[in-house]
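In what comes next, chain A is part of two complexes: it sits with chain B in the first one and with chain C in the second one.
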Partner chain A sequence: MMAMIFNFLIFPGFLFAAGAGLLATWLDRKVTARLQYRVGPPWFQPLADLAKLLGKEIIVPEGVSRSVFLGAPLFGLAGVTLVSAIIFSPAPFVGDLIVVIYLLMLPPLAVIFGGSASRNPLSAIGASREMKLVLAYELPFILALFTVVLKTHSIMIGEIVRYQNLSGLMIGSLSGLFAFAAALLAVQAKLGAVPFDLPEAEQELAAGPLLEYSGAPLAVFRLTRAMLYFVLPAFLAVIFMGGGLDPWFMLKYLIVLTLIILIKNTNPRLRIDHALRLFWGPVSGLAALAFILAWLGK
Partner chain B sequence: MDKKETLIPIGPYHPLLEEPEFFKFYVEGEKVVDAEVRIGYNHRGIEKLSEAKTFDQATFTVERICGICSTSHPFAYVRAVEDISGIAVPERAEYIRTIIGDLERIHSHLLWVGLAGHFLGYNTVFMWAWKYREPVLDIFEAISGNRNHYGMFKVGGVRRDINDIAGLLKAIDDVESFCNMLLKAVIDDPVIKARLKNVGVLKKEDAIAMGVVGPVARASGLAIDVRKDHPYAAYDRVKFETIVMEGGDIFNKTAIRLLECVESAKIIRQCLKQMRPGPIDAAVREVGAGEGIGQHEAPRGEVIHYVKANGSNYPERHKIRAPSFMNVPSFKRTVIGESLADAALITAAVDPCYCCTERMAAVEPETGRVILTGQELVRLSQEKTEQMKVKLRG
Partner chain C sequence: MNILLWTIFLPIGASLLCFIFRRAAGGAALIVSAVGLALGAKIFLAGQLLSPLLALRAYPFSASLYLAASFLTFLIVLYSLKFMAGKERLGEYYGYILITLGAAAGAFFATDFLTLLMFWGLLGIPLYMLIGLGGDGAGGAAKKALMIVGGADALMIIGIGLVWCLTGTLRVGGALLPLEQPLTVIAFFCLLAGAFAKAGVMPLHGWIPAAAESAPAPVLALLPASLDKLLGIYLLARLCYDVFLVTPNSAVSFFLLALGSLTIMAAVLGALVQHDLKKLLAFHAVSQVGYMVVGIGTGLPLGVAGGLFHMFNNAIYKSCLFLCGGAVEFKNGTTDLSKLGGLAKTMPLTFAAFLIAAFSISGVPPLNGFVSKWLIYQSLIELSKINAAWIIWLAAAMLGSACTAASFVKITHAVFLGRSEAKAREVHWTIWLAPVTLAALCVVFGLGAYQLPLRFLIAPAVGLIGLIGVWDPLLAAGLILVSLSVGLLIYFLGNVDALKTRPIFAGGEELPAAGKVSGVDFYDTVRQIRPLALIYRAGEKRWFDFYELSAALLRWSSAWLVRLDAKIPGIIPWLRRDRAFKIKLLGALIAAELLVEGLLLVSGVREILTGLAALAMVAAAFYLAGRLGGSYANE
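Then we have the complex of A and B:
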């Protein structure tokens, strides 16, 4: 029991993922800044931003459901914390891919609930975009993950890691490479990073679903986002490049994160119809191709 | 409001254009079904202010109309005053005016390309375009001592000479290569193309009907450019092309602006090479009485100044028509039917400049009714014309 609480709250759950996530967002901001000929923030800036937000007043708009409005951020935070605890869990029985897919749905759902509860037209449009985006990227994401399942004959993360230790990394095979590319784009959308930052689209919807949030609830949303910056690339690294918390894994994680940051900085924002077409067309096609190749044993 | 659609306000507090304007987009889902624009948050009464200044002081006043194209207003204004009594400007001053006018076009267009990238959520383009705009501002500082508000123009000539020709030629070469690089990077990007092609199309007949000017008109296939149509300053002594495209969408507007930067660099280079030593100021003492009109092809299109003088040292009437005033209403034709994601970009595609465009409305305080509307002003003006006709008949 104590071990489970420790796993959930400290390592590899909440505290670890939060720290790693905040550092990852700092890396994102720093690399972005250097790409744009700016200096960029010091390493503790994301933490300072978070601390500042936590000290601000919490404003709840008139006439909204307080429980949904204030509960939504916690809902998302719980989801991402669980995923982190599961991916690196020492106990293998919880490390199930399907559970991870479910739990990764929680942060977008939290954004949709929060945005819809805000009674603001911009938030509502942002929430509806988030909903469409979830529908768009889930299909290729799941297809890509099941390519891995097909190849390793297991849905246990521990088994998938062991398979890769024995018979080579997933990304080394053709099907694994295609599946990785499709999953990477889906992760880009899950992170809400350009070119898939449509729900928040600063220039069109101000902050979209987060527009009415302030103070601590906003900090929780930001923290959830930051933790996703650690959890999602780490998840991809575990599934496609093998796991284990060692220096090699850090390198693999950084490679995935760098890819995400580069995609983010070399593209404009897509329109929602373009995003749907992209995910249901080429990206799903790529994932399906990977699945077929895996079927053929490539 | 009896409309059923959702109202999306993009207003003074929205981080879209950092200028005081207010768009109301009525949307169904993500589709814009109606749009309204409201300006007038920042009316400064420049025309009236100008009447209290001497002809020389008013040059500085009109320079402060716009922070971006700060030389286009003095350019048109001094031409209007010179037009009153046909003041001849020394040749070297004409060349310097041309150089300043087209340097400004480069920095203004680069600024817009950066903003367009920002509106697309493509902040890398934003930062890069503004980085490459910086050398242009440095050139301005070297010439005039200021990055903006150069204070170069005066009635009858210019205030400062350009001396370092060789250094400027090299700086212009650098600027041109930046522009070419940016042109390639933006034009060849497939995602940018997907976002901009066939979006916010202003058809040729709409462009004519709305009376749009500048790059907006040229992107819709109208070959209008004051520099070519009514050559002034040194524009008839240099070779350059008016870039015209047919599509009318935002992609064309972007491409035209970038291509115009390259043309402007050519104009500046020719001017620098052709310039001969000589006086830069006609030393005007009297303006005289009469009326004058001055035009200039500003980065956003044709700007017109009308000045009426009564022989004193002050303009009796000063009327300004900025290009954005013509371009802003074209939103009504371009934004309806497009998605909200594109609406922000479409409104920005005409490169609107609100500080140039500000107008005011007179309202009766008791009822809140707008008096002196467009029709009322037309009626008043027609009544006045009738009175004049009666008076003329005696």
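Then we have the complex of A and C:
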């Protein structure tokens, strides 16, 4: 029991994922800054930002449902925390791959409900974009992950890791590589990173669903986003490159994160209909191709 | 009198009282449905019961279905007391609800195809009448429902006849037929039509969205949302495992999986673009059946368990959603999404119940809808050992689930969150009690999935199910609570004392009073994507509506025949003006009909009598349809 609480709250659960996630967002900001010939922030900047937000007053828009407006951020945090505890557990713990896919829906749903509750027209537009983005990336994400299931014959994450330890990494095969590429783009969208930052689109929607948020609730949203920066690439690394939480694994994680940062810094923001077409067309096609190759044993 | 007979004849008898004493109808219906619930509990606890008269039998599976049906009927009658107060034709309303309950009991407990057919046919009449109560425009919808359901009943008669020819018995489960010969397959599809029309599987779904346009919310919650699903899926499960043998990797299994996946995706895409609350929910009432058909169609115990569990879950959350929709309509006088908004603050209990049911139908863990979907997905993954098509069914089911979430985001935004000047107050407790109870049940069935529903409702029917995944709802819920407290802790680390309320920020400009995003056009982008745009346009022209298609075909062919008859006079016999010839033709048709019936029904006196009764029921249903349809359809 104590071990479980420790796993859940400290390592590899909440605290570890939060720390690693904050560092990941720092790395993202630093690399982006260097690419734009800026100096970039010091390593503790994301944490300092959170601390600053905690000190700010909390402003609730007039006439909103406070329970939804203030409760939504908490549910997003709960979803990502639970996933961080599940994906590194070698023994069956709480849930399998399907459960993880569904729990990963909680952070976007939290943003959507929060934005919708805030009654701002720009937030509503942002929320609808976020939901459409979910619809868009869900299809290739599912196809890519179940390509791995087809190859490993299991939906238990521990089993998928064990299979890769015995028979080689997923990404080493052609089908695994294609599936990884499709899943990577889905993760890019799940992170709301450029080119898929259209729900928040600062220039048009002024942060969209988060527009009315301030103080501690905004800090919780930011923390959730930071944790996703660790959990999602790590999830991809576990599924496609094997797990283990050792220095090797951290290297794999950094490779995935670097890819995400590179995509982010080399692409302009897409329009929502283009994003839908991209994910349901070429990206899903790539994932389907991966599935067919896996079925043929490639 | 046998307790099983009570479940049938008490409500049907009481319905007569409702027709006569209209003032006391509500109270009487409440008492009778409460007695029905008590009887349901007693039968459920007893396990096995028999009644020689009408050849009824209760066993754990049918007993659990009747328990669910009587429970939902009781809640919906309670809800109706205030909701329907002051409406016209109340005596009929409660009377038909009671007939539905009695006939449903008969259909659940029947061990004999003819008894089943009799009650199945009887169910069509209250369905027709209840939908017709909706006022303007309800007549057409009611007629559509009766045509589809009644037509499927007629196919069932043929199917039952074929089964009798093949096995020589009319007992349900008297002999297990492998689906090999063409005749067996025809019989299967004929009977399947009855189950599918009742449950609303595509392409026999058209009556559900049509009914939602005018029928009162409790009628929708009772019939298309819950009771008809229980009945249809019950019949489907019995057909697939007690009468015929559906094995994994068979052509029939493939057909069921394909039709189920199509129903999920097509109906949910329809739901995404609706702009009326009740109609949007009706499309989900169609879409959700797809999951049950997929689960049962796998032919694996895991899938059947998932499908049946989903049937119970769907009955709970879908009636909850319709009842919440009704409460919204009751207080605001409209279900038009563009006219509603901001009700979360003024109707908090309705909102809470709606939100839980909406999360449940979207499959958000740890609620009940997630568990049954999770079981179905596992059974599809089990199929990976057989062929590669499983990924299509799985992707349709999971993407359908995301689309379901999307359409409930739309409703929640348009009705409860978002902006509006609505000043509606919370409804009377008899109206919110039913949805709140059902929402609580969603949570209980989700958290205690293994301890309660799977153990008591599903295991007796399906037996052992081998899970291939892991899901621990109680642990998950505990951990979610822990992380929620961590989040709250962060809130309290923050500057909570400085909580302020300010007007919303719109770029520093003053927002016009009507400046809101109603949410109605949230998914117009999806609608405009190229291949989907074509499908949507075809859908708006009703190309996927079996009923409209057949009506169009009928109009087209009759026009063509009339033209032919004008060219070559007398070639189409029934267009002749010769009266004596018409009578002769009719006589010949009736004689042929009687001959066929007689050949089918020579197995004994009892069967003939029950069979004639069933035929009379169906005929009466059609007669009533003709009479009342005529009086409604003056358009």
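Assorted remarks:
Here is the rule we go by: the second predicted complex is superposed on the first by the 293 of 298 C-alpha atoms of A that agree within 3 Å, B and C clash if a C-alpha of one lies under 4 Å from a C-alpha of the other, contacts with A are read in each partner's own complex, and residues count from 1 in each chain.
Just so we're on the same page, contacts are C-beta pairs under 8 Å (C-beta built on N, C-alpha and C of every residue); 3 or more make two chains touch, one makes a residue touch a chain.
Predicted model, so just to flag it, every value in this text is computed and none were measured.
Room for both chain B and chain C is found when the two structures are superposed via chain A, with no clash between them. In the superposition on chain A, A:135 makes contact with chain C only, while chain B stays out of contact range. More residues of chain A lie in touch with C than with the remaining chain of the pair chain B and chain C. After overlaying the two complexes on the shared chain, residue contacts for A:237 are found with neither chain B nor chain C. In the overlay built on the shared chain, the residue A:60 is in contact with chain C alone; chain B does not reach it.
When the two complexes are laid over each other on chain A, the CA centres of chain B and chain C sit 110 degrees apart as seen from the CA centre of chain A, to the nearest 10. Of the two partner chains, chain B is the only one touched by A:268; chain C is not.
By the document's definition of touching, of the two partners only chain C reaches A:212; chain B does not. Contact with chain C, but none with chain B, is seen for A:127 once the two complexes are overlaid on the shared chain. With both structures placed on the common chain, the touch criterion links A:146 to chain C but leaves chain B unconnected. Shortest separation of chain B and chain C in the overlay equals 5 Å (C-alpha atoms, whole Å).
Touched by chain B in one complex and by chain C in the other are residues 121-122, 124-125, 128, 206, 272-273 of chain A. Per the touch definition, chain C reaches chain A in the complex via residues 342, 344-345, 348, 351, 363-365, 370, 374, 377-378, 381, 384, 388, 391, 394-395, 398-399, 402-403, 405-406, 409-410, 412-413, 416-419, 468-472, 475-476, 479-480, 482-484, 486-488, 490-491, 493-496, 498-507, 511, 515-517, 519, 522-523, 525-526, 528-530. Only residues 5, 8-9, 14, 53-65, 68, 70, 73-75, 77-78, 81-82, 85, 92-99, 101-103, 105-106, 109, 112-113, 116-122, 124-125, 127-128, 131-132, 134-135, 138-139, 142-143, 146, 149-150, 153-156, 206, 211-212, 215-217, 219-220, 223, 272-273, 276-277, 280, 291-292, 295 of chain A touch chain C when the two sit together in their complex. On the side of chain A, the complex with chain B involves touching residues 32, 35-38, 121-122, 124-125, 128-129, 194-195, 197-198, 201-204, 206, 265-274.
Across the complex, chain B meets chain A through its residues 6-8, 14-16, 27, 29-30, 117-128, 131, 189, 191-192, 194-195, 339-344.
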